[in-house]
Amino acid sequence: MRIRVINPNTTHAMTAAMGEAAQSIAAPGTRIIATQPDSGPASIESHFDEAVAAVGVIDEIIEGEREETDAYVIACFGDPGLLAARELTRAPVIGIAEAAFHMATLISTRFSIVTTLGRTGIIAEHLLAQYGFTHHCRRVRAAEIPVLDLEESGDAALGRIIDESRRARDEDGIGAIVLGCGGMAKLTGEISEAVGLPVVEGVTAAIKLAEALVGLGLGTSKHGDLAFPRPKTFTGHFERYANSSALR
Amino acid sequence: MRIRVINPNTTHAMTAAMGEAAQSIAAPGTRIIATQPDSGPASIESHFDEAVAAVGVIDEIIEGEREETDAYVIACFGDPGLLAARELTRAPVIGIAEAAFHMATLISTRFSIVTTLGRTGIIAEHLLAQYGFTHHCRRVRAAEIPVLDLEESGDAALGRIIDESRRARDEDGIGAIVLGCGGMAKLTGEISEAVGLPVVEGVTAAIKLAEALVGLGLGTSKHGDLAFPRPKTFTGHFERYANSSALR
Amino acid sequence: MRIRVINPNTTHAMTAAMGEAAQSIAAPGTRIIATQPDSGPASIESHFDEAVAAVGVIDEIIEGEREETDAYVIACFGDPGLLAARELTRAPVIGIAEAAFHMATLISTRFSIVTTLGRTGIIAEHLLAQYGFTHHCRRVRAAEIPVLDLEESGDAALGRIIDESRRARDEDGIGAIVLGCGGMAKLTGEISEAVGLPVVEGVTAAIKLAEALVGLGLGTSKHGDLAFPRPKTFTGHFERYANSSALR
Amino acid sequence: MRIRVINPNTTHAMTAAMGEAAQSIAAPGTRIIATQPDSGPASIESHFDEAVAAVGVIDEIIEGEREETDAYVIACFGDPGLLAARELTRAPVIGIAEAAFHMATLISTRFSIVTTLGRTGIIAEHLLAQYGFTHHCRRVRAAEIPVLDLEESGDAALGRIIDESRRARDEDGIGAIVLGCGGMAKLTGEISEAVGLPVVEGVTAAIKLAEALVGLGLGTSKHGDLAFPRPKTFTGHFERYANSSALR
Amino acid sequence: MRIRVINPNTTHAMTAAMGEAAQSIAAPGTRIIATQPDSGPASIESHFDEAVAAVGVIDEIIEGEREETDAYVIACFGDPGLLAARELTRAPVIGIAEAAFHMATLISTRFSIVTTLGRTGIIAEHLLAQYGFTHHCRRVRAAEIPVLDLEESGDAALGRIIDESRRARDEDGIGAIVLGCGGMAKLTGEISEAVGLPVVEGVTAAIKLAEALVGLGLGTSKHGDLAFPRPKTFTGHFERYANSSALR
Amino acid sequence: MRIRVINPNTTHAMTAAMGEAAQSIAAPGTRIIATQPDSGPASIESHFDEAVAAVGVIDEIIEGEREETDAYVIACFGDPGLLAARELTRAPVIGIAEAAFHMATLISTRFSIVTTLGRTGIIAEHLLAQYGFTHHCRRVRAAEIPVLDLEESGDAALGRIIDESRRARDEDGIGAIVLGCGGMAKLTGEISEAVGLPVVEGVTAAIKLAEALVGLGLGTSKHGDLAFPRPKTFTGHFERYANSSALR
């Protein structure tokens, strides 16, 4: 099974780290292809960053379709471009935020999210609402760490995430913590150990959900509103999509 | 990995059929132990049946804990005893209704349920609400087939399920169908082929979710409201639980 | 009128105390029959305890039907087995949590719950959601007292409940308090006096709702999903239900 | 116990009929005082009618307070002036819509409303939402009968209500019907018999809820947002309220 | 364009201040007619005050219809009589609470309300729910200032509103503040400057929405449940409505 | 006042038609600048089309900022890129779907949407949920007309929209219709006349809301989660955003 893990930002170190986390958890027969777009933001911390990154996700799906990928993972906690991506393929496409939410509800009745910057909280709230998990999440907490500091500032960043996670554990009445950034994938073990309750991380969760769907023979429905897009004219930079939208 | 598939009713044929469906989808290293309680209803078609069956589920969890089971599946679409079961173990416990709902939302934006009897629709509605999927389900449809007729009446039952599923496909604006009874596990392929859109069946979905959680090293949270029950006196038929409630 | 007050746990002292509270509030013509199952947990503080207790509730309903009871009250704040119980009789069946919630919304716009252990808060939250009162309840508070300590530790327990109730009054922006355990029935007067706002207790509330329904000639609907369960085979310890499920 | 049944419209025949229905169901010691304002609309079929009628309700509460009434019932299905009325008294005040909704949820999992005119459906929808019962009500149906025709057109009106109720029974997947107008109180028996499932009527339901609250010693909370209104200047026709708002 | 700004209370100073705020923001061609009923409460701080004030609103709409008004604004934050008013005219009718909520959601993802008295918070909560904005409002805060103190106590009142607004800004995770009383209209500039984020005030917001609807040629729908009320008998003080209800 | 009306697709005829509709409704001092991106899809009928179009919207906002635009309108019914656009400017940004929803709720209690293709219904449903209007919309109806056919097939398309709108009027219990595509802007008058109830069209509604906000001195909040994006590296085609994200 080939799973394409798409890092929607352009920071190679994050792609590599998430790829490693993914491969480490993957089933024996699963091959992880960790990729990233050539064009896009170095990190995703706003609606603007997300909107731009969605195009990169689309390009990576189209690229993946050329190689007959079995499943896709969108490895940014805002799940950018998720429904667009689903329209472009028969394979399953899993966002890491949704993956983490689903898994957290299977092992606890209530969870909290510990994310990077407070300003991205609204993105998590909108996703929780769309996916149906508003009432399962007690609180969205931010450690106020820019995404790339997860790469660079090492222990300081880890310390703040652990501190915030402990506050979640002690104050929120929860059973599990969801890590709110793909960049935290490599820290999951340390956080989990320090906090002492189940810590759900989206990249790894998404890999297992992708494997699960492929194992079930289930892919994105092509009946109804996730059918392939109608072919049409695209102009300018996006002329390349005139054909892609007719992929099938 | 050992997954205990608990059929909460006492009909051996269903246990066997669900066990087979489970094993057929399981990963190479997964061993399915399909069981059922000695005591309980032959089928589950009401709140009453469910309440009685929950005790059987509990007994099967306790039995499973003696054998150090890796994960449990509760193989009845009402997910009877799910939260009680989770309190009794560190392993993941997955209900087949929740499993099917989660999987269906990953491959479609909206689904419908095709279940056995109309009177069980309220059980599905309550679960959808508790799990957060009320708005993802367009409609709960009943083929008006008693559960055990799935075993006995064969093609007639299959025909009615397919008819109802086609109506769901054509009228409900959906992308996927969820089968609303564990007894339909063995029919999934035929229904799916006849209807032509993704058909999500709970037993198989639950197996893959259980494998996924075990793969992630995640089990039921013992922090907070799913912690092991406080030890206490039980009387009469249930005296056996005085010790079980202190399992850990 | 005969109202069967079913204590779902097996602690005689609680049965007696709740029976007294019930009789003290009952209309002149109402006779309270306070009972409890022979088999079950000594107190109910988890989903597990609740699932086991639901069987005791069922047995008590079946026993009550032999005596042509006019109404039933399920006297545990989690309303264990409520919908199952309703299926087994034409009489009204009232849970004490729902009774307290309904009454509280008739005399205030918002209320808080003061319950025993924090871990049971999730049970209250699920009931609030199912009954429609999520937005009427500002907060579920726990005095962190095990249920049986209500019997034994007397004034210390009372003091903690009063303290928590005062905090609710002062911090939550509410008009009424709901007591979250049948074991608090005998303390209602003292709490109410100490806190100075309406305190709604479920056992007494349920008695009056039961009398009200009987007075209206209304019983559990036998049209639709609360109809008597379909008769079927039950095995083992539960063989006795093979006939009961055909009660009507 | 003295319960003041306030007909918010000015049609004497309705006041009398609702008073009779109320008295027929009341407990032995309960005395029903059925009243109506001198000023107001002959029937209530719009937001406008309701807003005007609310003043009549207020006047009747103030009148009732002079007589030390034990409880109030607002006998129009839109519950006009309900929260205003509650602010003016320590006694319980029950609206007939809320009363019917509460009772219907205690004997069924889902109900439908059969009301008079389609244009009043929005009033019912808003009340369902405010009280928390949106998901318990499958459908608001209108027999398209003006309120006063219930008085005058007799059998024709009854026939249409029965027809619509039967459609509700057969199409809506419900267990009970709520009658959506106080003017239907006298028809409850005939409708119920013709339709064959529990029919909940608000006037009678409210009487029993009022008796229940009085029996419990519970009245409208004066802590928080239902406290007596702050005394203040009123001008013109409403100068009389300058003192009333200081009632306590 | 003529917009009738109806102050539902009878305090001339507030009418004048709101009229000025309205005119100052109005388009060149817009003429503001600021009025108030002769009869009613001097301020609106409870459900009771609101119910009485709704009649004054109705009278002012009827008066406005004689002059062929282009749009109406109901200038009290509880939007008293809003749907009744809409039934009486083809012109748009805008409440200042709804106006402020709508505008706030167009410039921020989440807002808080700063209102006068805590006891009116429930009115705001009910409106948020009815209009759909429950999740857009983080918190309803009260400065605990009686409405008329806004007129009289000047700087002290302003100071408390600013303090509460700053707490909202710093603690609530919001992008905008909604002022919860028409009496704050004249203070908007000062509050906004002191707090440093967008402050949305309802009177001015409603004027611009009214102008917008008139500019679009849109008025209150007369199809369905906001159609003119059915003509009928009114008695007593309200006899004058017998004809008004047939206005069209 | 300068309002930039951004057609997110690349079809000049639509840009022109929407620009005309906008200018025809604009206030005397308002200048409409109707634009479209150079790069993007010719029409927007899927999540994929929308994700690509969002980049065009961003480019148009950046272009608009160079000219110190007073307000922006995103003229596609899916409101693509709305929150991203808001992050990039202090000016108000209005989507035409949200504009139409807001306006419809001010003149009716319930509305239906008549859109182009059924597959875009899910986009409308997600927006209704996010904006808070799920319960105000009775039904999303599709005339099953591809967007560009609105340009080309003229009367046939108009006829189908009118037919569907009449069905909405007659079956849905609504007071207003919302047109679900910017391409219908030029047809509003004809549809409205043919259907006989208020028809709300988003482009014109958005212009008036934009004028209203500018008139109030309100712009997108820069406090909290709509603040300007943090400056960062962008690579490849999107390198141009490295500076744009620091616009302020």
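Order of writing sets the labels: A, B, C, D, E and F. Residues in every chain begin at 1.
Methods note: a contact is a pair of C-beta atoms (placed from the backbone, for glycine too) under 8 Å apart; a residue touches a chain by one contact, two chains touch by 3 or more.
Per UniProt, the chains are A, B, C, D, E, F = Hydantoin racemase.
Keep in mind that what you see is a predicted model, and the values were worked out from it rather than measured.
Undergrad: Give me the rotation angle that lays the C-alpha atoms of subunit C (Hydantoin racemase) onto its copy subunit D (Hydantoin racemase), rounded to the nearest 5 degrees.
TA: In short, 180 degrees.
Undergrad: Among the chains, which has its CA centre at the largest distance from subunit F (Hydantoin racemase)'s?
TA: Greatest centre separation from subunit F (Hydantoin racemase) goes to chain C.
Undergrad: Count the residue numbers both subunit B (Hydantoin racemase) and subunit C (Hydantoin racemase) use at their shared interface, divide by all numbers used there, and answer same if that is over half, different if under half.
TA: Interface between subunit B (Hydantoin racemase) and subunit C (Hydantoin racemase) is built from largely the same residues.
Undergrad: State, to the nearest whole Å, the distance from the C-alpha centre of subunit B (Hydantoin racemase) to the C-alpha centre of subunit E (Hydantoin racemase).
TA: Computed value for the inter-centroid distance: 52 Å.
Undergrad: For subunit A (Hydantoin racemase) versus subunit C (Hydantoin racemase), what separation do you get between their C-alpha means, in angstrom?
TA: 44
Undergrad: If you average the CA atoms of subunit A (Hydantoin racemase) and of subunit B (Hydantoin racemase), how many Å lie between those two points?
TA: 28
Undergrad: Give the residues of subunit A (Hydantoin racemase) touching no fewer than two other chains, as numbers and ranges.
TA: 83, 86, 109-110, 118, 121-122, 129, 135, 173, 224-225 - these are the residues of subunit A (Hydantoin racemase) that touch more than one other chain.
Undergrad: Determine which chains touch and list them pairwise.
TA: Result of the pairwise touch check is A-B, A-C, A-E, A-F, B-C, B-D, B-F, C-D, C-E, D-E, D-F, E-F.
Undergrad: Using the touch definition up top, name the residues of subunit C (Hydantoin racemase) that touch subunit D (Hydantoin racemase) in the complex.
TA: 25, 27, 83, 86, 92, 94, 98, 102-103, 105-110, 131-136, 169, 173-176, 196-198, 200, 204-205, 208-209, 211-213, 215-216, 218-221, 223-226
Undergrad: Please name which positions on subunit B (Hydantoin racemase) make contact with subunit C (Hydantoin racemase) in the complex.
TA: 10, 37-43, 45-52, 54-55, 58, 81, 83-84, 86-88, 118-122, 126, 129-130, 146, 148, 224-225, 227, 229-230, 232-239, 241, 245
Undergrad: Touching residues of subunit A (Hydantoin racemase) toward subunit E (Hydantoin racemase) in the complex: what are they?
TA: Within the complex, subunit A (Hydantoin racemase) touches subunit E (Hydantoin racemase) at residues 118, 121-122, 129.
Undergrad: Which residues, counting only subunit E (Hydantoin racemase), touch subunit A (Hydantoin racemase) once they are in their complex?
TA: Interface residues on the subunit E (Hydantoin racemase) side: 109-110, 135, 173.
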